[in-house]
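Beneath this line is the structure, given in structure tokens, with notes to follow.
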Amino acid sequence: MLEKPRLLTGLDILSALMVLIAAGLVFFYAPVEQLMGQVQKVFYFHVATAWVGMLGFMVAGVAGVLYLRTEQEKWDIAGLGAVEISLVFFMVAIMMGSIWARPIWNTWWTWDPRLTTAAIVELIYAAYLLLRSGLDDPGKRARFSAIYAIFGFFSVPLTFISIRLLRTIHPVVIGSAEAASQGGFNMDAPMKTAFFFSLAAFSVFFVNLLWHRIRLGKLQTEVIQLRIQSYEKES
Amino acid sequence: MITVKKLVKRFGPIAVLRELDFEVNSGEFVALLGPNGAGKTTLLRILSSLMRPTSGFVQVASYRLPSQGASLRAKLGVVSHQPLLYGDLTAAENLQFFGKLYSIGPNRIPEILDLVGLLPRRDDLVRTFSRGMQQRLAIGRAILHDPTILLLDEPHTGLDQAAGEILDRILKDVALEGRTVVMTSHDLVRSAELASRLVLLSKGKIARSTSTINLAPTDLVDFYKSGLEGGQS
Amino acid sequence: MKAFLKSVGAIIWKDIKTEWRTRENLSAMLVFSLLVILIFNFALELDLRARESLAGGVLWATFIFAGTIGLNRSMAVEKDRGCLDGLLLAPVDRSAIFIGKTVGNLFFMLVVEAIVLPTFSFLYGISVFQPGFLGVVLLGSIGYSAVGTLLATMVVQTRTRDILLPILLFPLTLPVVIAAVKASQGFIQSVPFAEISIWVNILITYDLIFFTVAIMVFDYILEE
């Protein structure tokens, strides 16, 4: 029976704390932006969640390669977990993007490269999960998922570049006066602190979630094995 | 010719073969019997290099599996219960295609077709063949490259009496040429006629093994029943 | 090496021969393509000017959809009669199977395109017979066929089969779609090559990367 490692409990506390502090920094420490008002605060979480989405995406690709090489079940669970977490975080990022976009540009959705690519990644995840659900043999399921994750890993950057070459409205967030006219803004020191701390907090949160998810997967496997063993003892 | 030690095959958490030990000597014709789910097809697929073992030692014709699978395949002929043939090609074209994959020229084709009694149908599409004829062509395909080992997975499935007898005759001819044969089957009597040794597989392990020489029908039934109920021999 | 090429050739020859006997797959792909173009015709109600600017998009949408039909059937044939096992039992490198099947699928896709393109030209009075345009069609089809063949080999072993292929394939082939459409349009509207070259480069990059990755992972799809 897998006992919950104490390190994990420690990580739980750490990530909860960090996220709380990040929220505090965002809402109370960072100043309210001149032009956009309170809505701009969404930005911190929007970028942080999108960042976690990307982390998950990369972890899934790497886990795929590692699974093919080692055939250890934990890499399969890690890949699946990364996809699941990334799916949710990208969804949150997209929604926050809409919340921000509406008052600023008067539209819910823009076909800009980053947003569109995020939507495409969500579709790839959906395809990934559908693929898994159509396979009963655990070995095949793990192998095929790994391969699809690897393909996604290569395809998405190319897709992003292609779309980028097509068009762009996404704000150039950090920097110039031009940025302001595009709907961007300059970041002063307290903003930067809040921003980078949010990124860090959410990264820790991601690792925390992934660890829990891997544990869950291992426990599930153990349950199945115990069940089979008990059936055999009966017969 | 075939040596298997402590073979384990697991699909996820389910173990189909559990530390199985199995040996076949050169020139033997072994019939592998057992109930459904015992692991016969799995064992055969592993021996044919189509499936990789989870763990254990497997050696066929001096080739270690799975690492030397590619080298083994040139010496291996397999007949499955599916025909493994292309319906939209003729009998001759099917053999031609597989011949190319095994680097065999087209010269052997008429000879093989004659051996399995399909020479008059050489230019007919396999789609039009009865099941029995397809199985015969499948055997032709399996021996095209003159393999030293023949693996047959329930080849009599779906054949009527007459077709089964024709198949048996071909198998006896083919086996006589000094090949080592392993055949899985549900048919006790037929297996006793064709094979030199019967092996019973139960719950992922070998339960019983016996020679077929001077084996009476009643012994046959005992062999099967006791093997399933009892432990290993 | 020689045996390898011989096997690849044998597989391609076999695919072409079996398909030629019935032409089921080809007819299905062809009819479907023409229907899709018909639907686009009414759905978009293009006037003369608009037609030219959308030609690339309409054509590629058609090829992508028709392509999935061909891919599905090509692998289904192998799986249904257990023929895939027959191929796997042969003493040939697994990648020979991949290359053979991909080239076969590519061939059928090109045949369909060779019929659809003149038809489109005829219906809309837009000339598509320039080397640049045809080159783009070839490059795009190569990438699409390679990834499609690999995914089809996976999909044919699942429970959900046919429906799953487009779902898996389309998101991964977006770079092909985007680049091919932009490049095709560029050639049709006689845009200077310097502006089109970036899209052609993306197509070439995609083809190289995915063909390589596909060969590297193909073994894993076939093992048990």
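Just so it is clear, A, B and C label the chains in written order, and each chain counts residues from 1 on its own.
By our rule, a contact is a pair of C-beta atoms (placed from the backbone, for glycine too) under 8 Å apart; a residue touches a chain by one contact, two chains touch by 3 or more.
Small disclaimer: the values here were computed from a predicted structure and weren't measured.
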Partner chains that chain B and chain C have in common: A
Most distant chain from chain C by Cα centroid: B
Chain occupying the middle, per Cα centroid: C
Pair sharing more residue contacts (C-beta pairs) when A-C is set against A-B: A-C
Separation of chain B from chain C, taking each centre as the mean of its C-alpha atoms, in whole Å: 38
Chain A and chain C, separation of their C-alpha mean positions in angstrom: 32
Where chain A and chain B are represented by their mean Cα positions, the distance between them in whole Å: 51
Residues of chain C engaged with two or more neighbouring chains: 223-224
Where chain A touches two or more other chains at once, by residue number: 139
Sites on chain B touched by chain C in the complex: 45, 48-52, 70-71, 73-74, 76, 78, 80, 82-89, 93, 97-98, 100-103, 125, 141
Complex interface listing, chain A residues touching chain B: 137-139, 221, 224-225, 228
Interfacial residue positions of chain B with respect to chain A in the complex: 11-14
Partner chain B, residues of chain C touching it in the complex: 3, 6-7, 9-10, 13-14, 17-18, 21-22, 77, 81-83, 85-93, 223-224
Chain C - residues contacting chain A, complex: 147, 150-151, 154, 157-161, 164, 167-168, 171-175, 178-179, 182, 198-199, 202, 205-206, 209-210, 213, 217, 220-221, 223-224
